[in-house]
Amino acid sequence: MLYHVRMDVNIPLDIDKQKAEEIKATEKAYSQELQKQGKWRHLWRISGQYSNISIFDVENNEELHSILQGLPLYPFMNIEVMPLNRHPSSIRDDDS
Amino acid sequence: MLYHVRMDVNIPLDIDKQKAEEIKATEKAYSQELQKQGKWRHLWRISGQYSNISIFDVENNEELHSILQGLPLYPFMNIEVMPLNRHPSSIRDDDS
Amino acid sequence: MLYHVRMDVNIPLDIDKQKAEEIKATEKAYSQELQKQGKWRHLWRISGQYSNISIFDVENNEELHSILQGLPLYPFMNIEVMPLNRHPSSIRDDDS
Amino acid sequence: MLYHVRMDVNIPLDIDKQKAEEIKATEKAYSQELQKQGKWRHLWRISGQYSNISIFDVENNEELHSILQGLPLYPFMNIEVMPLNRHPSSIRDDDS
Amino acid sequence: MLYHVRMDVNIPLDIDKQKAEEIKATEKAYSQELQKQGKWRHLWRISGQYSNISIFDVENNEELHSILQGLPLYPFMNIEVMPLNRHPSSIRDDDS
Amino acid sequence: MLYHVRMDVNIPLDIDKQKAEEIKATEKAYSQELQKQGKWRHLWRISGQYSNISIFDVENNEELHSILQGLPLYPFMNIEVMPLNRHPSSIRDDDS
Amino acid sequence: MLYHVRMDVNIPLDIDKQKAEEIKATEKAYSQELQKQGKWRHLWRISGQYSNISIFDVENNEELHSILQGLPLYPFMNIEVMPLNRHPSSIRDDDS
Amino acid sequence: MLYHVRMDVNIPLDIDKQKAEEIKATEKAYSQELQKQGKWRHLWRISGQYSNISIFDVENNEELHSILQGLPLYPFMNIEVMPLNRHPSSIRDDDS
Amino acid sequence: MLYHVRMDVNIPLDIDKQKAEEIKATEKAYSQELQKQGKWRHLWRISGQYSNISIFDVENNEELHSILQGLPLYPFMNIEVMPLNRHPSSIRDDDS
Amino acid sequence: MLYHVRMDVNIPLDIDKQKAEEIKATEKAYSQELQKQGKWRHLWRISGQYSNISIFDVENNEELHSILQGLPLYPFMNIEVMPLNRHPSSIRDDDS
């Protein structure tokens, strides 16, 4: 099942720099593992923003929430979720 | 080059029903032709809305505008465009 | 799977009164059938508004969209959808 | 009498972790006691948010305010209240 | 029980003038009857607006909704409701 | 002359608790003195909020500003002011 | 007593042109009479908008509302009112 | 040339009190000097707010920006600028 | 003197098509004449929108308002104006 | 390819002053180098704001993001990006 998720990241300016780098590295590994599993289907950067647009393909709302809550950057994020459907005009097999 | 586009459709309630069906059929054909060409990369319905989220992969801003302006439903749409970048954590070949 | 849906109804002032009553009657029957099936789990009126708060319990996003799009009042509604999860502090069996 | 309440939680990032855990544990006990009493009728998590949707069934505005003000997480919450009515199309005994 | 209600009136410009005057006269009688009963506790005009601020003192949400839905100008109004409590610093007997 | 005032209070989480209690006590005395004088005509709590709705009956804008600026909690408040008029449908002597 | 008023004018596109001109002429005469009386203290156009910023100097809220409601363009206006005070740093005699 | 400027002041709660008083005194002198020169044409307090409405009469955008940027309270202000025109219905010599 | 202007065009769906084309042609000629004079300094389309971003270089607010009000599409436009200054970091001769 | 970018700068009040000056100097050099290269096509200050409007002419979204992310003031900025097109009525060679 597909979800459209926008994540806006706001890391406080006074955070310890090394700690911030560690969190970002953990975030990257966490994201890439979920991409390999096919659960984090797409991931794009919004130009000029510390924000991304992601498409998740998960079993249900529970799995989505569990993944988002587990994001290492979760405490610094504002997250918006929209459930998606296959569009009746879509011709792509992998858009549903 | 990738763009994130949200289209919200508002067809007036008093429009001629047959005309509306014709426009929708033309829209579908227009969209599917662009999907086949790879320019309209993804297309999803937002649950509960007469709205879609689309990812376009086009040469530049000019081509994007030309495609959007040519949508048969364009006069009835509210459109929002966000340029996208490959995300540094993405592992997918087709997300850029 | 649970969804929180808010529906705001705006029937045009100049609509034919009898037609409006027919649509409302069909809407009521449609809603009650879905309530009997357990898919439209809760339904409340917001005080002072021609609006309701509904909780749906359906298989997935597809079924939700199909139900909402089938609402007889759908052309006159503004709809907002939020996916819900069981809350870790909930003690009710029927809140998930 | 029914109320729809949305609570968004914002615990400051620099709070003492143990203190935060204690407050959350107290919050959970407080919420579950009110659920047992039937006053906190429903409780759901909004997917991807540190937020909940709750339905309260209390005597009056005074009791609602007293319960909300007593929430251990109250100082960290943004709260929105909407009074609810039984919906004329509802068939459920427990939606009023 | 007290409620704070704001009503903004938007009567369409092309409405029949005599019909509009009739509705306004009915509205006035309806409002004054409820004021006499003590249910419509206060009623003020917002300066420069076709809007009012009202305080209702009714049994419960059901009675409030029933009164508001019965307003002759209801189809032309936007209504916002906020439940009120006695304020701990109030010294007035009639503010609760 | 009447004014509708909404006050939202945001006391910082890290304020000294005793100091906060002192300010609140001074605020209460200040408010009650103005209520006794008839200048602070009504005072209600908004359910679930650290906010109040107040009706002031003062000589003019100057007196209103002077009273509001003198509130002990003024530095922690967001304040919105709307001038009010007697409503042509009001039957109450004390709503003007 | 001073009030800051912003008026945004929206005359429907399909209004009879001669009727519109008549209303505008009446509006101008109405405004200039009030300016002569000193009640409509200042009147400016906002660049690029069919909107004005006005300063009124009237007895009280009642007189302000009466003047605004009497504007020939009132049915086509959106109006915002803010009460003003003499500023403690002002050196002008006529800013209070 | 005329500009409508709204200034909202937010001085942090933890600022040194004496320093704050010095800045306010400097601000007052700065403002009064510009009023004497005729550049800061009008200055009013918005009732209940730490905000003012000002009318500036300066040579051009450059002079306006230079004056605003020079405000001693500038680092603590939110500023909104709207260019103004003489209104065709104005009869006052000094409103242009 | 420079101004940043955003124009959003909303031509009603039921307008006579030939009339619409005539207005657009007049608009184009009007715009190009002002561009030739150097008053309409820049003109860009916002991708996906029936909107433009324009930079005007005119004598003062009066000339700006006069030009905007004279736009053939003015009755169908929503217009936002921001005065601009030369930026202290700009190296271009023609950005002031 | 052209982009319209608005940058709003919010440097924290308690930042070390010398450090702030250094960042601003680096920012200026960075901006002027990009202006010389023709990539930062226009740069204006918004009157009364610590904000600018910029027009970028770059290869694609990637180059735009890379430039914006490299801004020395980037951690203190809120940035909005809109892709631009040549306007069909433009007569300027350098507006595309």
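For clarity, chains are labelled A, B, C, D, E, F, G, H, I and J in written order, and residue numbers in each chain start from 1.
One rule holds for everything that comes next: a residue touches a chain if its C-beta (ideal position, glycine included) is under 8 Å from a C-beta of that chain, and two chains touch if they have at least 3 such contacts.
It should be emphasised that the depicted structure is a prediction, and the values quoted were computed from it without experimental measurement.
Listed by label, the chains touching chain B and chain F alike form an empty list. With steps allowed only between chains in touch, the distance from chain A over to chain D comes to 1. Residue-numbered contact pairs of A-D overlap by over half with those of A-J, the repeat interface among E-F, A-J or C-D. Its C-alpha atoms superposed on chain F, chain A is turned by 145 degrees; the angle is given in steps of 5.
Compared with chain J, the chain whose C-alpha mean position is the greatest distance off is E. Looking at A-J alongside E-F, one finds more C-beta pairs in contact between the chains of E-F. With centres defined as mean CA coordinates, chain G is found 51 Å away from chain A. Our note on geometry: chain G versus chain I, Cα centroid distance of 28 Å, whole angstroms. For the pair chain E and chain I, the distance between mean C-alpha positions equals 45 Å. Counting partners per residue, chain I has 2-3, 45, 47-48, 61, 64-65, 81-86 as the residues that reach two or more other chains. Applying the touch definition to all chain combinations yields A-B, A-C, A-D, A-J, B-C, B-I, B-J, C-D, C-E, D-E, D-F, E-F, E-G, F-G, F-H, G-H, G-I, H-I, H-J, I-J. The touching residues of chain H, counted against chain I in their complex, run 1-3, 60-62, 64-65, 81-86. The touching residues of chain F, when paired with chain D in their complex, are 13, 45, 47-49. In the complex of the two chains, the chain F residues touching chain H come out as 5, 12, 61, 64-65, 68-69, 75-76, 79-81. Every residue of chain A that touches chain B in the complex is listed here, in rising order: 2, 4, 27-28, 31-32, 35-36, 42-48, 52-53, 55, 82-92, 95.
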